[in-house]
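Next, two complexes with chain A in common: one pairs it with chain B, the other with chain C.
After this line comes the complex of A and B, so read on.
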């Protein structure tokens, strides 16, 4: 290896140093510390945190224990949310991006801003807006339904409407991000592919299936995985809109983890729950990746 | 190569979860930092002789991130300019994050406060964990007397004969009522018992205009309403050894609440804050809520009155309350700081009218008896219930143990579950939480 290439390697690695440092400080070390804590009986206010090995994990897997209930009920509710929200986040994100690309350039930027704007809003503002929209007895949506002579809907207190409301809110709140990514992906698809297909007599649907979709495949995977992770991390919507209700039916896992950590002050078992949640997400992401790329290579 | 990069980015994305879930559980080193440098330090007064008191800075933490923060700020500023030996440095933490921040600060014991506000029902837990110091000596030296404060919080925070918190205020559940709607319905005085309440809400309800006598909340502030009703009906949340909210007394009150919906004096399916929205719109005549709602109603320009919660239960008058108290962490040992805390709290006990102006009823008797306080219509009305206020059961981990109540209660109030079944389920879940 020549001296200059060594030098250039050294210089280039300097460029990632800032990221590496913040990665360690804000991700790697907290994760490792979280794993360490999860092996301890880590009560926040106690001075001694004795090592308990896998006890916290064993409890989570033992039916009938408090932690088992907290974890499984929370996980099931979170999974439901993921299943309901991710397909819509991806499909509608793409649809919105295509719609945006189809409108004239001058107003495109305007609409892009409109659709993206909610993404920049904080969770509590989102909640205030949607509490007003959904209110059973004084809300906008039920007012609208009443003028159409349709019975009011209990948007935030009745199944399955709570899920409809939470997914609707999530779409409004976050779909702008997916849309922007898709817009960029669509712009990268070479125009000549479509021209060639037109000459061959392909209709719009064939062009979409045979050109658009394969071309944006890597981006699609990225969106699917980021949406899945984001949906797993759902917290603000149910916490602020339904408070986990009716009953426990929208109590998501993250609510239970945070309650365990700060209401119960049991950081050890809360960390164990969080680590398990992370493992589940990693496995699901890996499976998604395998399905998308596994067969090809 | 690209594959590795892609795989790596997938892992990275996935692991970012732990930042959201795990990190918040780890420690708050990152968010505690903002207070660095405001830590208490003492320095001898210039040219101090034997008699001059040593100067000290007192770091004072509060959760008053709402409108109430301004009032506390005013008091602290007045105190600081009233003398120059001690300087109280007020820190306002976000309300929802307060105990998280406090727990982290106390367990790290680096950036911990010298003086902190704590809710009365939190004190036994923190005392049990050895985080608080008894305030008897501090109070004695500063001339602060136990007998100058309302008994209920003082008794609650006197543990094994030692006094762990000095009360600032007491905030019980109160009844707000819309005076215009009352007048229209021909009701001259706010109801004081169940018969009057039931009759009033019937009269107030006008289904054609979609005006309701009492819109029943199914979530918050049931945390205040449900215990109030259970105690009034002779029931208990905790019977000394076990959770007891599936007793006939408790279940009867759940049925009574659900009955309001069935009778039509309350609409069904009331969502989070739904009762308040209707109250603000003048479509809900009565609501039970805390004194902190006053500012919102004033701003909305509603013609409302405040009265003690009527006695709905059959056994006795009782009302659930919270209370802000001053506590001192155990690690605060600097004599000058402790002396300064005593001086500040002595000042507070007679100069806290600004705090009453925030809508709170004070816990110091000299303040309660002052003409200024009596002139405050709402606050003096709130203080009328101080003889029978009750706080959350004095049980370790009560927040976790009692948590199942709220989901089950909401199921019962929404009519999705039988009252007895819901409370039985809540008790079963609570017992599971206790076994842990």
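After this line comes the complex of A and C, so read on.
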């Protein structure tokens, strides 16, 4: 290799260096360090970190242990949230996108802004706004019910209302994102398809099933996967609105992971839980991807 | 007729979407007594600016709101600047510099990293900053965001489609790589950089979980982490005061969102389509 080409490669490397260092420091090393921590009895405030091998993982899989409870209860609550929220996020996201497309062009932008605006707000701000809206005595929703002579609802403390509240806030906060992606996909369906179908006498429903749905299939898959991942990572809503209650019924997995680390000071077992949670998320998105694309080929 | 029904429905939905925000603003002008009375009046009976005045004087619930908002704006701006610099340099190298070692390996690795759930890195990153004694510093609040691959991915697509002829002409004129990057590619990518900047700033500004755990003293909190603290504390029912705080917290991102909505939409659809 000549000296000048070596120098050229060195200069090229300098361009990638800052990002590569950041990538290693805040992504690659933490992942490896997390695996290391999960093999230890790692306490937050102590310097002695005893190696325990797979012990943390074994406990998570052993019924009756504290970690088993934390993990399975958290996972079950998270799964419930995924099941309640994802279908609505996808279906209503698409419905909202189709509604938006039916609005006359001149004012469409305005409505898009309205529906999308909550997405621009921080999770903590969103939660505080809804703490007020859901307040049993002073909240807007119960005030509305009272004016209709309906008894107040304990939105944030009673089952099944806690789930209704969590799903409602999630829809309000994030559905705009799905809407935007769907609008983009709907606009890319060639207009000729619909015209040809009209000539053949297809009604609106047939056009939707035979043209729209197949055309937006890849985007639909993207939305299903991103919504599932987002719902799996749910935190702000149960953490700040229901505080995991009533009892443990809305304590989601991420809450248990962070509490195990920061309240229980057990970073080792918390890391093992975090790694298992990450694996579950990755496996579920991979399976969804496989199902959707496996059928197509 | 069908059009009118649809439009009416769209208007009702818009009101539902905006209602919590309107109610937030309305409540922020009420005193705590009125805010807790559970009345449905949108216009406060006794409108007051006290919540804002106290807030800006740092007397609102004894928390330094002005410090929090300053922290948020500083962390957001610094984080965004670093992301723009690092991502544009990396994307330039990956898209344009054929002799970059391990080029074919790095790009898929970066793109693939976007699939990694945050829960995997959260605790070890905390332990890393803790070991370095950097918890409760601006470094901890800013640096982690620079590892995101979205910017590299977005700019790579733009740089890769940039016409080769212009770059070659510059090279014949004796321009080196730094000059091509700084004087040709960067000026041509202002619009996509603005898109990335808006997207990144909003992401950093709105994140509250990492700053909540990565800070320990009140004066280091960002506004979103501070609000999360308040929501857990004993002030949860001081709605007038809380809403003044959330209005202050929301104003910067909402202004950026409304002005830069077009760019923001472009960023997420770019990510969505690929």
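By definition in this document, the second predicted complex is superposed on the first by the 270 of 297 C-alpha atoms of A that agree within 3 Å, B and C clash if a C-alpha of one lies under 4 Å from a C-alpha of the other, contacts with A are read in each partner's own complex, and residues count from 1 in each chain.
Criterion: a residue touches a chain if its C-beta (ideal position, glycine included) is under 8 Å from a C-beta of that chain, and two chains touch if they have at least 3 such contacts.
Please read these numbers as outputs of a predicted model, since none were measured by experiment.
After superposition onto chain A, partners chain B and chain C are found to clash with each other. In the superposed model, A:229 makes contact with both chain B and chain C.
Look at A:16: by the touch rule set out above, it reaches chain C but stays clear of chain B.
Within the superposed three-chain model, A:263 lies in touch with chain B and out of touch with chain C [touch as defined at top].
Of the two partner chains placed by the overlay, only chain B lies in contact with A:242; chain C stays clear of it. With both structures placed on the common chain, the touch criterion links A:134 to chain B but leaves chain C unconnected. Touch criterion met: A:46 reaches chain B, while chain C stays clear of it. Among chain B and chain C, the chain that touches a larger number of residues in chain A is C. Shared-chain residue A:117: touches chain C; no touch with chain B. In the superposition on chain A, A:61 contacts neither chain B nor chain C. Once the two complexes are laid over each other on the shared chain, residue contacts for A:143 go to chain C alone; chain B is not touched. None of the stretches 1-9, 91-99 or 127-135 of chain C clash with chain B in the superposition except 127-135. On chain A, the patch touched by chain B and the patch touched by chain C overlap at residues 26-27, 30-31, 33-34, 37, 131-132, 135, 137-138, 226, 229, 232-233, 235, 240, 243, 254, 257-258, 261-262, 267, 270-271, 274-275, 277-278, 281-282, 285. Residues of chain A touching chain B in their complex: 26-27, 30-31, 33-34, 37, 43-47, 59, 64-67, 69, 131-132, 134-138, 154-158, 218, 225-226, 229, 232-233, 235, 240-248, 251, 254, 257-259, 261-265, 267, 270-271, 273-275, 277-278, 281-282, 285-286, 289, 293, 297. The touching residues of chain C, when paired with chain A in their complex, are 3, 6-7, 9-10, 13-14, 17-21, 23-24, 27, 35-40, 85-87, 89-90, 92-94, 97, 99-101, 106, 110, 113, 115-128, 143-144, 146-147, 149, 152, 176-178, 181, 202, 205-209, 213, 224-225, 227-228, 230-232, 236-237, 239, 242-243, 245-246, 249-250, 253-254, 256-258, 261, 265, 268-269, 272-273.
On chain B, the positions that touch chain A within their shared complex are 3, 6-7, 10-11, 13-27, 30, 99-100, 103-104, 106-107, 125-126, 129-131, 210, 215, 218-220, 267-274, 277-278, 281, 283, 397, 399-400, 403, 406-408, 410-411, 414, 416-417, 429, 432-433, 435-436.
Residue ranges on chain A touching chain C, taken from their complex, read 5, 8-9, 11-13, 15-16, 18-20, 22-23, 25-27, 29-31, 33-34, 37, 42, 96, 99-100, 102-104, 111, 113-118, 120-125, 127-133, 135, 137-140, 142-144, 146-147, 172, 177, 180-181, 184, 219, 222, 226, 229, 232-233, 235-236, 239-240, 243, 254, 257-258, 261-262, 267, 270-271, 274-275, 277-278, 281-282, 285.
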